Amino acid sequence: MLGFALFGCGRIGRMHAGFVAAHPRAELVRVFDVHRPAAEAVAAETGARVAETVEEALADPAVSAVLIASSTDTHVDLITRSAEAGKAILCEKPIDLDLRKVDACWQRIGHLGVPIQIGFNRRFDPSFAALARRLRAGEIGEPRQVIITSRDPDIPSDDYMKVAGGLLRDMTIHDLDLARFLLPEEPVAVFATASALIDERVRRLGEHDTAVVVLTTASGKQAVITNYRRAVYGYDQRIEVVGEKGMLKAENRHPTTVEVWTAERTAARDPVLHFFIERYREAYAAELDAFVEAVLEKKPVPVGFADGRAALRLADAAYESLATGRLVRLD
Amino acid sequence: MLGFALFGCGRIGRMHAGFVAAHPRAELVRVFDVHRPAAEAVAAETGARVAETVEEALADPAVSAVLIASSTDTHVDLITRSAEAGKAILCEKPIDLDLRKVDACWQRIGHLGVPIQIGFNRRFDPSFAALARRLRAGEIGEPRQVIITSRDPDIPSDDYMKVAGGLLRDMTIHDLDLARFLLPEEPVAVFATASALIDERVRRLGEHDTAVVVLTTASGKQAVITNYRRAVYGYDQRIEVVGEKGMLKAENRHPTTVEVWTAERTAARDPVLHFFIERYREAYAAELDAFVEAVLEKKPVPVGFADGRAALRLADAAYESLATGRLVRLD
Amino acid sequence: MLGFALFGCGRIGRMHAGFVAAHPRAELVRVFDVHRPAAEAVAAETGARVAETVEEALADPAVSAVLIASSTDTHVDLITRSAEAGKAILCEKPIDLDLRKVDACWQRIGHLGVPIQIGFNRRFDPSFAALARRLRAGEIGEPRQVIITSRDPDIPSDDYMKVAGGLLRDMTIHDLDLARFLLPEEPVAVFATASALIDERVRRLGEHDTAVVVLTTASGKQAVITNYRRAVYGYDQRIEVVGEKGMLKAENRHPTTVEVWTAERTAARDPVLHFFIERYREAYAAELDAFVEAVLEKKPVPVGFADGRAALRLADAAYESLATGRLVRLD
Amino acid sequence: MLGFALFGCGRIGRMHAGFVAAHPRAELVRVFDVHRPAAEAVAAETGARVAETVEEALADPAVSAVLIASSTDTHVDLITRSAEAGKAILCEKPIDLDLRKVDACWQRIGHLGVPIQIGFNRRFDPSFAALARRLRAGEIGEPRQVIITSRDPDIPSDDYMKVAGGLLRDMTIHDLDLARFLLPEEPVAVFATASALIDERVRRLGEHDTAVVVLTTASGKQAVITNYRRAVYGYDQRIEVVGEKGMLKAENRHPTTVEVWTAERTAARDPVLHFFIERYREAYAAELDAFVEAVLEKKPVPVGFADGRAALRLADAAYESLATGRLVRLD
């Protein structure tokens, strides 16, 4: 059994808590949140104990792993302290919004050798994971172009946007990781264009809601990411890879298989699953499962610190492209 | 080139005329209709000449084949006269509504050996024909159950229903022929149930608008036909065959591939092609093509007089089942 | 909290045990199986205690409800004893294979007024339940024809078939219940045809593997069930209802949304979810949830003893139709 | 009736000839090809007369319109001479591969006011045209992002590639026109990346087979084009537009609606329609129809010389982006 401390008991922390509590090889030992009632609510639901401080949680000998689901600006500190306390770490993306802090963090903890997994949950989505497996098994031969469609159902609150680091570091970063996951080689250059078309709020914050990011690899393979932040029909999440021997696609998921056929229209289905907690429910569970297995069986975690850094590096390059209108080469 | 006389210049006759006129190996020589202006309209569109009488059309030495698209009650007479004049015959279904007349007709003309093809156009639909070919090629091994969904977009006029011979002889007859086309053996028993649910008009005429017909073969294979006469979303025409190694399906056809995704619904398409002239356009053209080829190349026609009789025989048995509540065995 | 005793710890009992153990308002208190190691395995997984006998389980004051998942021949006895012990009952279908025993059981326990829910899980499938809700909400107006496609992935073992009561009482009974669930009126007549086409084993047992059942209501509405027992592409479970204003369909479920497009074929997906534990997982969970809520909140259970009887009555009538070749009217 | 001369009797000229000959308001009068037997073959099929020279065709008083389907390097000359002879012009894309020649041509003939339509046939595809109509009718409100997937089934011959002007001027030009057709404003900037991944032949010619082109408008709307030149499953042609109130998609077309479900895979369809003559058959016919109607009824043609120029201008800008790695702004 792997004993967990959870840092951060907001919406996503609460979801993680449920998965840890239900996992046959994991146990939720301690929960912490700067807002104590949030921690208490999760404790009540799961039987975990509230920790008064991060120290208290890390000092608990029953805690072997931490799950970091607090706000982004606390990630580096929590990773550092947890690593120094010798805990295995599963940290929500992103590591940080500032690449220098990410690098400084690694400088300090890299040599400690604790398992650190970054929460790029989409790699664990059953459909995306199956697509990746089949791609690697050679089902369409060499992949040449990866096309990722990623649309949120709606614009976040202003408060969220102010601290999220920008569309490309907050939302696109998932797609950048997916692109790395699916491309047969690392991207070496990035182009991005983005605009604010949907809501005046976005423009006022200097933010974006509609974007295209193109990645290229040294041999000329390409990934295209299209983002949009108010898909009124639900959380639109698709992948398409075209290659030597054909195409693999992973399509959207609907709550039911019901279709309605009327005088106005046919084969009409309900809106797709609304947002990440519903859409990627199985992915979050599988992500935890992979982490628990890796830690308990001393295998490498499937998405490491370097993957977290690489996606942020791509997001930074995308912002540079946005500013300069150039294809930005990564060195 | 095969010179045609067309008998009957109503809606379906006019459609046939267009196909004959456009066919590279056929020529529309004469057109006849009891309502002369209808014949004149078709003549003007196609360059054919109006015949004053059936005799005149049959006497024209340029006429080697006839296409009978007049009202059902004229079919047997026109088939008989055309056969006796030595013409090849393509006759719209049904041969007649009365099996005894059909048998008497054959008694008289069977020995003449002229090619007679009955207009079961659906066998020539590109999707249905492809399904049948793949079935015969063994793609799903031995077929065990055939399921035919056949729904008209709306109830015909009272005038039409009064002379059409009843739902099972008018509409279902196409599906009975398709069932024979797809089953690996002849049906030996028929069960039917039918009711009038859609429109008071139907009930007043003692007619039906909603039906199920089940056919079984000697070895126990089954065909199920479901009929409904007001599918508000269009002309619903589907086939499904399940067998030893899987299932083959032929789905509905839509006017375009456009889908709309909104806050209310996703993947919504337009209503399906409305009715037989649109839905089976390619089928009618292919039916004519098969007839022309068979006649010119002295090969057997693909759907013969016996097929026309057999479908009517099944429809009669379905009515007997309806009346008696029994599975009716064909002798 | 609702304390449960589980009778029967085979494959399906074990699945139910998991759902009870995970339910926030239920608790698995006691488990019993005639084969003690099966009970012990479930006890180990869930923390429940093994009961040596049915009496011991029923005598436990923490047990307020029973879940009967033992072999069919034990159902009536367990229902009777549980009802007499005042327990709420969730019993796997069928109640029994013999309608007289079912009626005798009710004679004895009907007046006790304990909640009895029969395990027609498909009513709780998210897609089927959504279809039914939308049907009742009038989305397609009055329903006229219900079409249920139900195909198992493979033939059961001879041992299973010998005691299962025949295809129509074992497999079709689910579809008969679904038909009742979806039709706006009770069926009043039944026609059935069935054969053994798939495997010599089936024929030797005098059993069937391919069937069509047609139900009609007093006003002439129809339900058509097609069954087949070796759909090599998976567990094929679909519903279609056509009505006044259109059609509602519930389609098959696939493990992922992945499609592959190659030179040979396009849009190809994996086989559908293989069998009932995977396909109806959410349905079983929702069925339990509905039972727990009904019992705790003293509301009527959603699928009662009378529903269990009615489906069996239809299956019996279907066998009578099979034997006589007649549409059998229910009195 | 509109009398046509056809210049160029290769594969695409021959297809156009068939449509002109079959059009109720058009007549194919003269056909010309530098390779006389090609002209003779088309003449034999359609009843048109072979012209010995372009002059002879243009001098025929029965010729009111020309259809230019000869090789690209002859377009400007034929447009110029036809315009000076006062003929209405339907010219296959592109006008020329050199923007200066295009501009010089317009300089010379623009004032003549003859109708000139450029053959961007895809605007007339029933599905794409329906999507555009619904977009303009406001079905998804303001469009924000247009995504065009365009993949050829295979690499052309070396001979073809040597004269075709490069992937972006030959293949992508259609997509650039479609993007202009669907975007609510003109693009003002272009980014492109392209590589040769599929076949060594392509690399040797300095050509590309895999590309991404991104267009942006002044207000920040975006179009993304992805191209690939060997989609082994057929000619992949799709459009997706996401906007304020949802998404419109136009999907691929298949030869039939047949699906096969087996133990290995489900819902598998045949490869999509192979190439442009099959896929865009209705589009070519509708394009001609629009031209004939515009000329006969003295309405503006739907796709003019300026559209032909604009698409070429975008292709040139895409090549500039490819060379410089910059987002190229159009002035």
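So that you can tell them apart, the chains are marked A, B, C and D in the order they are listed, and the count of residues begins at 1 in each.
Note that a contact is a pair of C-beta atoms (placed from the backbone, for glycine too) under 8 Å apart; a residue touches a chain by one contact, two chains touch by 3 or more.
These figures come from a predicted structure and were not determined experimentally.
Using CA-based centroids throughout, the chain positioned farthest away from chain D is C. For the pair chain C and chain D, the distance between C-alpha centroids works out to 57 Å. Chain centres here are Cα averages; for chain A and chain D they lie 41 Å apart.
Those residues of chain A in touch with two or more other chains are numbered 231-233, 245-247, 252, 260-263. Interchain contacts join each chain to each other chain, per the touch definition above. Of all residues in chain A, only 22, 126-127, 130-131, 134, 139-140, 245-253, 255-263 touch chain C in the complex they form.
Per the touch definition, chain B reaches chain A in the complex via residues 231-234, 252, 254, 260-272. The part of chain D that touches chain A in the complex is made up of residues 142, 144-145, 147, 149, 151, 189, 191, 193-198, 210-212, 214, 216, 219-222, 224, 226, 228, 230-233, 236, 242, 244-247, 325-327.
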